[in-house]
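Chain lettering (A, B, C and D) follows the sequence in which the chains are written, and residue indices restart at 1 in each chain.
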Amino acid sequence: MASSLPCVVAPLSSSSSCFGSLPRELCGSSPSLLPTRAWTSQNLQVRATGNTFGNFFRVTTFGESHGGSIGCIVDGCPPRIPLSEADIQADLDRRRPGQSRMTSTRKETDTCKIYSGVYEGVTTGTPILISVPNTDHRGSDYNQVSLAYRPSHADATYDMKYGVRAIGGGGRSSARETIGRVASGDIAKKLLKEFSRTEVLAYVSQAHEVVLPEHLVDQESVTHEQIESNIVRCPDAGYADKMIAAIDAARVTGDSVGSVVSCIVRNAPRGLGSPVFDKLEASLAGALLSVPAAIGFEFGSGFTGTRLTGSQHNDEFYLDGHGRIRTRTNRSGGIQGGISNGEIINMRVAFKPTPTIGRFRS
Amino acid sequence: MASSLPCVVAPLSSSSSCFGSLPRELCGSSPSLLPTRAWTSQNLQVRATGNTFGNFFRVTTFGESHGGSIGCIVDGCPPRIPLSEADIQADLDRRRPGQSRMTSTRKETDTCKIYSGVYEGVTTGTPILISVPNTDHRGSDYNQVSLAYRPSHADATYDMKYGVRAIGGGGRSSARETIGRVASGDIAKKLLKEFSRTEVLAYVSQAHEVVLPEHLVDQESVTHEQIESNIVRCPDAGYADKMIAAIDAARVTGDSVGSVVSCIVRNAPRGLGSPVFDKLEASLAGALLSVPAAIGFEFGSGFTGTRLTGSQHNDEFYLDGHGRIRTRTNRSGGIQGGISNGEIINMRVAFKPTPTIGRFRS
Amino acid sequence: MASSLPCVVAPLSSSSSCFGSLPRELCGSSPSLLPTRAWTSQNLQVRATGNTFGNFFRVTTFGESHGGSIGCIVDGCPPRIPLSEADIQADLDRRRPGQSRMTSTRKETDTCKIYSGVYEGVTTGTPILISVPNTDHRGSDYNQVSLAYRPSHADATYDMKYGVRAIGGGGRSSARETIGRVASGDIAKKLLKEFSRTEVLAYVSQAHEVVLPEHLVDQESVTHEQIESNIVRCPDAGYADKMIAAIDAARVTGDSVGSVVSCIVRNAPRGLGSPVFDKLEASLAGALLSVPAAIGFEFGSGFTGTRLTGSQHNDEFYLDGHGRIRTRTNRSGGIQGGISNGEIINMRVAFKPTPTIGRFRS
Amino acid sequence: MASSLPCVVAPLSSSSSCFGSLPRELCGSSPSLLPTRAWTSQNLQVRATGNTFGNFFRVTTFGESHGGSIGCIVDGCPPRIPLSEADIQADLDRRRPGQSRMTSTRKETDTCKIYSGVYEGVTTGTPILISVPNTDHRGSDYNQVSLAYRPSHADATYDMKYGVRAIGGGGRSSARETIGRVASGDIAKKLLKEFSRTEVLAYVSQAHEVVLPEHLVDQESVTHEQIESNIVRCPDAGYADKMIAAIDAARVTGDSVGSVVSCIVRNAPRGLGSPVFDKLEASLAGALLSVPAAIGFEFGSGFTGTRLTGSQHNDEFYLDGHGRIRTRTNRSGGIQGGISNGEIINMRVAFKPTPTIGRFRS
């Protein structure tokens, strides 16, 4: 019969942890308990770990909490685009934990530096290395991590696959990995804006059970400033307050909540995406499900749209005043047949409640 | 001011269509109305159209309704695997429209033939070409398609991007393209079963507003035979009847409905997927959103899971009787940190109501 | 001490072959002699076999001599390009063995058919399946192949890697695989010509020890017709005769000779290729070394250029009458810093003597 | 008629340069003279610049002489491999110019640092960032470069393609880019040695007209120490002296010479490479032609082998004392049918004389 192993599921920061009292052998990393793969010259295998994304605008991220630095290389940025560390720093500051009580309370001072690909203030068309030093990489907060698998983290699967524990804050599964995504995304947004006046905006549309009604956000006109006007980044002030209250309610009991982030793309060029396997929605879904903690993706009418009939769901075409083909509704979310049609691309990503919590599961 | 163009939005098979009365120039394909890209030697551009999928087991699909044949090449199938046309035909027969009133009433007799990669009944490790002839490729049913963009189809976006109308049944956006997916998927399922006893099962879990309650399906034990026991492929007989009734109700009014398909993977090897961009869920989401009409993807707890707290959502670890790390619950859907953990992988895909309907939008 | 195994090195068609007299166990395919990999459910591994080439214009080839057909899928051909089977057939006829005594005497009637991607005489932008049936796929000529590894063929390495003998004419290592290359190359040449008046020409510049002096071919003006004017495809009639004599001399003794093929690209657009790993010469070298029997590649001055000094080798720039940057010499072979500079791209590929010979090694 | 533009071809460091006397407009960067691409929001295009190599062991290099640092990210290194900066530094020291009079006299102190992917002296399986700071990146030595295209450099083609001059030492075309290759290659060599005792050795086998006879090097036994025993890295002391004399003869006149580098791989696993497009020789040729200044590649018998007949060229099989299939000769260079056969892989790469010279072309 299966034997329970409570220490393995002990939450990270519990003061009543069994780590101290149980022998290490029972706490998760012992070969006798775990089918950890041993690397020897016999079974040594080289395996790429999926840190590169994209073909034309190609991003490779690197770094973990315990190393010297963290960041990315951007390959494929055209030359002669003005770019400075200050541009990128603004978005990194938005990402940084510890800005408000809504997020992780870790203190990170993430100051980026560009080491290549920019000369005299403009890009040169060569790879751009952006790096943020890890000012505090002792990993002391996470020492106990080496003893047990944290539930619903990457600890167990990393160990199964690589035979390496998620040291020093989760290794590549740490949310700190997203520094490279934010820095490269900042450059991408700048290019899209210059190339086609394309704007990408995202906001929180659900926190725990507080769901922002869709009609409260006008996708044509919502602004970055409205989204940034509160600490939960919901463009509606009233619902922002409700979300903050819901998060606070969980937070004071040492718990976390799930959420949904809505993303819209305005002025997306027509013709993005390809038929069959490289449909635009397939690329977007693949990209967004790679964000840590993402567990769902939908665009246009999404899961709700499954409750409609074809006659209710179809988007009627018309010619606008400029002779452009448009649709009167946008249940297709700006994508038809795998290709953007010029309407606003909209999508929603579900995030699980962060598994790093300060209390036992009841 | 925007001028309405009713003929463009006329449904395909409406008897009151405006196609006959309006001049062709107003119906969608005129250069004066449409920003159709003209291909000349000046702007000729070569663009891959995304018909290849996968790195190790690599599938390239080809064919459209109006051509000579349709099918796929599978590259990466190991040698010495028994494989016959009959194996593949069984799944093609399941795919074929016209099996019941639940699906398109088009008559297709899809008989596959293997042209390479198999010798004396076993694979040789070389590319396997599987082809199904198009027995009726006059495209006569779709003649009117050349006149107007069908709403929520690929007609408009294909024309915007390629300057080619979706002739003869939708070209590559036709559901007939999935013949290549089914044939290659059949080989993949066979390999997975032999390699690791991995089973992949999918069933309809929602049709229009009829939602199959999750607890009615035991993911550990549900069988292919249970799923195949009714024409809507829902493993619960009672809910299958309700779904059939819902589809019939729409069908008799010339309408269609949306749906959700659930998919489970049993005995998936641990360690599939990679950290960061190549997470297993990212690959699955990208693959499944490439299926025609897919508009949403979730795994594990999915969108519903966003309403939980971390303490409710975390999956507790334990050691089973064989000394294997397991989780007591499976809200992670078999994937943690982007890597399979050995539990059942489960996911759901939302499909929009098929836009090809026999009535006007009310 | 090493034991000799003469039967393994017996040439294919030798009448004094040991195949008949030696037991099969000693002739190459016995598990006791060969470290052939056995495929079981334990060590089953899926491995792509490299049959796809290119990103924008992407070719996947399939087929072997013993299967039903052989050919390719071309993905990425733009729409609205006129294309017929007759276009492709012309180049397939040039490829076909048995045209003259210079080549293999196998009889092949390679009649191609297009099964997808072309509608009413023009491409549709979707994958183009081109297939040639194997009219004679009994493999009877090659029955003895199953008994021994032919020297310097792919037999041994295919068996080491795949555990599958090169049945029916060499499987994918057969020169017949190049049918897919020729058919797709024909489309590529057509596109290049339309897009940028780019011309690709190749001719035999060495056969055995007969070396065509470079100054006898004017790369600016040499024509397809000059190349096609003789059976060895050397544009200089005198040297063509010498090459034919050299090949004949080897042929009558049942032997074969090595050769060099020169290739020039006129009107190549400037700017092809990328710095660092995707240099144009790197892509060309990788492509050309994938041609069966290729054993060397050089461009511009090549191996001969290593004997020059920098001052002798550098190509002087000047502005031509149209204000275009040109070089007075072209030792760079049209490529500088990995990027085409608008001069004629020239390269040479070395081919080993075909290992399929009718006599013992002396 | 074409007008000559002498200043464009003036060598870099010539004291009689015309840079000072000609107006800048005539010296290369003027829009009226050069078809430089202007980047505007209209024609802005994103283009990957080919800085990533490999699929399993994937290397991305970054950096140019004028930036903050230069180096690489290695993705796909397995975990638990001991790795230190000292390991890599040894090979970087071998690469560094200024070690002897044989190489560029630039002074570079290239001290590497590992910023990620290594923890407590062993790899973690995550991306390894290796970076070397540019201690002197004023680019003052190269100021004149901004004025004219250096002959047979990347200056002109970079400008044609990217509209960016090769500033500060050649940008990505600088030999300094190879720092990232050397650092990642060092890790690759370490893995190969541990995995399969595979050794990779390279030595100079030709300098200008001094050609090392093949029989003077025993590929089975030649050692790293023999190669390193002299400043030109030729394992034969006598020929090393001749090569040094040849280089010196050119050097004192401000000139450079071409060369050939031979590379051997001992204990390469059997079965590397795939049929058709991914043949091992195709991958090797593509990789090696991406090295700056490489203009030719051959393996096995190479161009010389074209002068043999099939009966002379074929490699006879035999079984060695351990029952292993071997070949008595190795004209195939360890590769047959695109797949390694276990014999020594040998190849040669031709390098043009470095175009950066200190004198006019006579």
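Worth pointing out:
In this text, a contact is a pair of C-beta atoms (placed from the backbone, for glycine too) under 8 Å apart; a residue touches a chain by one contact, two chains touch by 3 or more.
What you see is a predicted model, and the numbers here were worked out from it, not measured in a lab.
Fewest steps needed to get from subunit A to subunit C, stepping only to touching chains, is 1. Set against the Cα centre of subunit B, the chain with the most distant centre is D.
Subunit C and subunit D have CA centres that are 27 Å apart.
Spacing of subunit B relative to subunit C, judged by their CA centroids, is 38 angstrom.
Contacts with at least two other chains are made by residues 47-52, 55, 61, 126, 171-172, 275 of subunit D. On the side of subunit D, the complex with subunit B involves touching residues 55, 126, 275.
Listing the residues of subunit A that touch subunit D in their complex gives 39, 41, 44-52, 54-58, 60-64, 66-70, 73, 75-81, 113-119, 124-129, 131, 162-164, 167-168, 171-172, 191, 194-195.
For subunit C in complex with subunit D, the touching residues are 1-5, 8-9, 33-35, 47-53, 61, 149, 151-158, 160-161, 166, 171-173, 177, 206, 208-209, 250, 255-260, 270-271, 274-279, 281-290, 294-303, 305-321, 323-327, 331-333, 335-342, 350-357, 359-362.
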